[in-house]
Amino acid sequence: MDMIGMAIKIAILIAYAIIGTCVGLLFMGIGRKIIARVHNRVGPPFYQNFIDVAKLLSKKTNISHGWIFDLALLFSISGILLTLLFLPIGGAQLLSMDGDAFLVLYLLAIPALGFALGAGASGNPNAGVGVMRALVMMLSYELPFVITLIALMIYYDTTSLATIVKMQSIDGIKSWAITMPPFMIAAFAADMALQGMLMEQPFDIPVAPHEIASGPMVEFGGKYLGSLMLYKAIALVAETTLFVDLFLGGGVVMHSGVMAAIINFFVWLGLIFLLFVLSILIAASFPRFRIEQAFGFYWKYEAIIAAISLIWVYIMVIK
Amino acid sequence: MVNHPVLLIAIPLLTAFIIPIFKKYGAAIAGGAIAFNMGYAIGMFSHIYSNGKIYETIAGFNPPVGIFLAIDALSALLALIINLFAFINFVAIGKESNYKFSMLYLLAIAGSTGIVITGDIFNMFVFFEITAVASYALIAGKKDKKALEGAIKYMVLGSIASSFILIGIALIYSQLKTLNIYDIAARIASMNANIKWASFAMLLTGIGVEAEIFPLNGWVPAAYQGASEGVASLLSFAPSKAAIYAIARLMLVVFPFHATYEIALWIGVVTLIIGELAAFMQEDVKRMLAYSSIGQMGLILVAFSLASQGLKYALMASLFLIVSHAASKSSLFLLSKSEKMYGMAGKYTGIVSVLSLIGMPPLAGFWGKWYLMLSAMDEKLWYVIILIFFAGIVETAYFARYLHRSIGKDGESSLRYKAAMAAMASFAIIFGLLPLLYKIASLPLWGG
Amino acid sequence: MNLATLTLPCYITVAALLSIGLYGVISKRNLMKIFISLSIMETGVNLLLITIGYIPGGTAPIENANFAKYVDPLPQALVLTAIVIGLSVTALAIAVLISYYQKNGTLEYKEGMKW
Amino acid sequence: MLDIIFAELIVAAIITFFVREKLAAIIAFFMSLLPLLALLDWASNYGFAIINLGIESHMKIYLAGVTLHLAITPLSWFFALMILPLFPVIMLFSYSFFKENDGFFALMLLSLLATFGILLSRDMLSLFLFWEMMSWSSFLLVYRSKDRNAIMSYLIFSVFAAFAILFGIIILWHENSSLLLSDILNISGKPGFIAIASLITGFAVKAVIMPLHAWAPFVYSKCDESFVAFLAGGLSKLGYYGMFLFLFSLKGVDILQSYMTNVSWNYLLAVFGALSAFFATLIAILQDDLRKLLAYSSIGQLGYIAIGFGIGTPLAITGALFQAFNHAFFKAILFLTAGIVAYRTGKWKISELGGLAYKMPFTFMAALFAIFALAAIPITSGFAAKWLIYEAAIQQKYVFIAPIMLIAGVGAFLYSFRILYGVFLGENRHDNVEEAPKSMIAALFILVMPLMIFVVFPGYMLDLMKPALQAAGMESIAHTKFAIETSLAKYNSIAVLITLMVAMIPAFIIYKARKHRVTSFEDNYLAGEPYELHKPSMHAANNFYKPLKKVVLPYLEPGATHYFEKIYNGIKCASNAVRRVYTGYVQDYAIYVVLFLLFIVGWLIWI
């Protein structure tokens, strides 16, 4: 009995891992297409990324730089899958009852750190610079993001993402956090942070292809690069999902039944797609910041916006 | 056998006058005399510690007319400390000295011991003068410009001080017709108030010059800086300790009034602060140590003034502080012979001394500060506590700087010198571990 | 004559001697003069002691057949001691001053170790 | 038996002072195991029967006329469990670390004695006495560094701390007329408040809370690493032990919460903790000296413990104690790693190091694990600790503290990577470097073990601290072996670990599906050009966080050290003013004498 429940749960987890990967790769392809259209190009087909990954993973010649370099591969994929499974996705709780938003925040660091280790182990100075930029970016966008996160947490008096989603879905769309004025402000700040998290322009400083030869990825090729593309695809889904969970009720509009699960799933899919397209459009229309500018942007303007929402919420809660 | 304290004074005095006859063996004879004195002081102390006070009259005249020695455990302890350190110090420096030095050294020891054990106020004056004259000569003995300048400053202030002491004695005598301390104490209430205060002020000023309290201590930095290491070491444990003890007796036995307590307390605090602050910027080691001595004397005075309020802890504090200061400063002055430390022995001597001075357990200085704080808290002297803390931090700062500066190559020195230094510092440890001083404070003391 | 009228001039002299001595110490630069001033002070103190012990009409406290009233002997003993001490200090001072003169070529007090 | 342990430590200290360094290390190693034996024996008092030797749990020491009362309590047992294991490990590490003995082992044994004494003391005198003993024994170890700033700042701050503690103690003594901790029932009113504030200030110096941290960067960066491992790992915890003792065991927190205001004064402690976590992290990111970086990182990590104590709920305190335990071990590992690096290469500057990971894989692995714990990666026990503190802050709605410490947590990634990249990865700069000696590696891995255990079983840690919390009248929070549950959320370590393991499978399949060959990066990057040509531009670790530095540095200056220097200079000015009194003219001194006389006469007669 319990074994069966367990097995079902494991199956669901595996299914979501696969779905997440596919959705991520699909989105990336669509993103390339959208950007091409904005640039007035034709662009690659939307399934291009599937082909890319398959090609890279099946390459015969792979160059490694030692066992620490291999850690990048191992940790980036496993870490990001781990993160994804600790998020409530479209009404499915997955493992989110065993952790909370802080855990997700820190889980996101595992693949990043593994990736960074591999990049560092390659010994290429460009990789080092790229990782440095990525880390500084992380420090930058985390501040407004964390402040909005805390605003949500003290409002709902929980740190669990599953609970936050649940409380937002009591009344369907009407009870989503984003419907409340303070959280509108917060959502704006968090969306800007999301832009940094996704490393899209104007915050694609870490990879900056023209400056530092794609930064951390410079020494990666073959299966290593393929795994990194997978990582990026899943990360895209995980990060947008996090935003959806926090502000858009996790995409949950209905409560019980198989029908509800399917609808919720598609609402979630639609929401993360919208978020992704928004981010792609922003990326297509802005040039790249310098790292100091990005840091200043997040710690000055964004942080103040986020802080306003936090103070607002705090006053609401105290009353 | 060991209950004739007069020998403690008589032996060094007589030896001092014999030495010029046997010039060549002067140092050896002096060493023998000091060794005897030390042994006798130890014996006498243990005798008094177990059997109680000793009174001795000289030449058959009974007090109040005759000369009279009154020794309780406290004065025996002071005598012990003075003679003990005198011996160790002499081990370090005696061999290099000539017969004149040995003679003067003996006189200084005899005088300091006399101040501590006498029960007669005029005797005290005489011993002060003996000590002072010997000290002037010892300081000047180095015969360079600095030494002479130090000696002259000390002489001028010392002479003024002696005049003041004598005036104070005269004023008391004019009223009470007695010179015996306990006799005076018994009848102090019958004195004319103004003359009483005037005589106290005179005595305090006079003895205060020797006890290095502010602002009477102008001679201190110059004299310590000018004197040779051995002499500076001697000055730090013999005359100053005897003098501070004399002030304590004056305060506790003769003039046990609230006004005198307050004066001593605040003078002590001011001396502490000024001494430590002045030491803070000193570049010359001996001068720094001299100012530090001033600060420590202030601390001891604070402890004694609190003891005059009948606080047992304060008395313990003063005992621990005296021992700690005597041990630490004498060894530090010996150490100041060279800018750097003398190998392992010198390094650890310096460290132990400094740690004891800034009050680290289980060294004697720690107990001093601990009991001082307890008793100050008992009196609710918040400002005093804060000021002492402040002074302690300033003191720590310059001693830390001192410790850092003295890291380096070893200075040259004989084994005897090093051993003496280490032995002196070790008393900070020994007295910190033994319950001796704690027990002394609970014996019946001060009485007539 | 009573005690006060007899001793008052003495006390005034004591005060005068002490003041002169102190003034000398404070105002003079010449070390010899300073020590002379100190000696003057000592004289004043000695006089004070004698005065204190004085009893109107008393004789010297020397035991002989027909003395009945004598001055207090103790202060006189004290004064003797004090004089001896004063002498020794002065002698030592002069010895030190000779040394000082040999080193510095002057007896004027020069600013030396300070602060 | 207990008295034998004390005596044995003193004797061992004296012996090790005089013997050669290898022998001294062996003696010191075995002697420092004995207190641990006592700890294990006492474990049966708290429901963890391990061994039973019947070591008595209290004793009295008679010293200089006073009686010192010593006894084990749940609180001290927990802290001893965290601090004392460091000593044998450090002795083991130092077996081949030193060229000359020079009293290191003797002083470490004395430090051990003092630590043991502090933890066991049941009256304030012995607490203070052992505290001071700790101060001077560690000072003498600092003194070995011969560095001016380290020596001066350590001694001055130690004495300042001692005075602050002493002040608090004598006030409590006066209010309760007893020195025994069990007699301190009355902490109230103004004296109680001053006493507690003063005690906290004193302990904060050793606990390295900003702005009283100014000594730490100097000391940590100049002394022997094996000593600093104890200083950062163990000694700082004693500061928190003292805080816990007076705040929670003796209920000093009540007066902080009720004195004069509605806002709890305890909050200030949390604020200072948060500020030190934040600023120290930012400063650590910008450091180039490995030991300085670790020093500031220490300050930052210790800040979390202060936050936990400042929040003061059982949840927060659990997190703080957990963090303290973790920090003791991972910071010791990191400083020992720095020691190994310096031992093998003689360098501390990160910009001069690089590529050591392949040369010393074991050292790297231990360091990596410690860094994961430091950065609170969820597969380490470091996460559980910080998570508890975060939860507590959210629970109490501390909206100022929570974001600051979260962002400091992110900052930790930055300097963690700086260590990893600058020292162990990147360009290989050392061709002739070997793996560290076996004794050092053994020491590192002994320290890694407890961290490993509490990765999987965070619940065990909560069990260990349960007696201490109960003794302070606090409920332990709900937990199982693997999971911790608060009113806000739940953290299940085993779910994370198993999921990670399972998620490794696809990664591993990808990894194994195609072969790879290992190539030196020079072949790849330089494409055959001579290495020397590119050498200057190869190493990116030089001035690594330059862009961040440009933005942040103006806000970090002038820094706390600057203000302490100002105070120092102020005292210098005062000193200069005061010593002008000693004009050098004997005439002036004579005037002083006369004026003094007049003053005294005036005081006595007219006032």
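Letters A, B, C and D name the chains as they come in the text, with residue numbers starting at 1 for each one.
The rule is simple: a residue touches a chain if its C-beta (ideal position, glycine included) is under 8 Å from a C-beta of that chain, and two chains touch if they have at least 3 such contacts.
Fair warning: this is a prediction, and the values are worked out from it, not measured in the lab.
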Winner on C-beta contact pairs when A-D is weighed against C-D: A-D
Suppose each chain is reduced to the average of its Cα coordinates; what separation in Å results between subunit A and subunit C? 99
For the pair subunit A and subunit B, the C-alpha centroid-to-centroid distance in angstrom is 78
Go ahead and note the Å separation of the Cα centroids belonging to subunit A and subunit D. 36
CA centroids of subunit C and subunit D: separation to the nearest Å works out as 68
In subunit B, which residues are in touch with two or more of the other chains? 152, 156, 160, 221-222, 278
Which residues does subunit A have that touch at least 2 chains other than itself? none
Subunit C residues counted as touching two or more neighbouring chains: 22, 25, 34, 109, 112-113, 115
Report the complete set of touching chain pairs. A-D, B-C, B-D, C-D
Of subunit A, residues touching subunit D in the complex: 13, 17, 57-60, 62-66, 68, 70, 73-79, 81-82, 85-86, 95, 97-100, 102-103, 105-107, 109-110, 112-113, 116-117, 120-126, 128-129, 131-133, 135-136, 138-139, 142-143, 146-147, 150, 153-154, 157-160, 163, 219, 222-223, 226-227, 290-292, 295-296, 310-311, 314, 317-318
With touch defined as at the start, can you tell me which subunit D residues reach subunit B in the complex? 62-66, 125, 128-130, 132-133, 135-136, 139-140, 143, 146, 148, 151-152, 155-156, 159-160, 162-163, 166-167, 170-171, 173-174, 568, 571-572, 574-576, 578-579, 581-582, 584, 586, 588-590, 592-593, 595-597, 600-601, 603-605
Quick one: in the complex, what on subunit D touches subunit A? 355, 357-358, 364, 372, 375-379, 383, 387, 390-391, 394, 397, 399, 402-403, 406-407, 409-411, 413-414, 416-417, 420-421, 425-428, 483, 488-492, 495-496, 499-500, 503-504, 506-508, 510-511, 513-522, 524-525, 537-541, 544-545, 547-548, 550-551
Subunit C residues within the subunit D interface of the complex: 22, 25-29, 34, 109, 111-115
In the complex, subunit B touches subunit C at residues 65, 122, 126, 129, 132-133, 136-137, 140, 143-146, 148-152, 155-156, 158-160, 162-163, 166-167, 169-170, 173-174, 177, 179, 221-222, 225-226, 278, 287
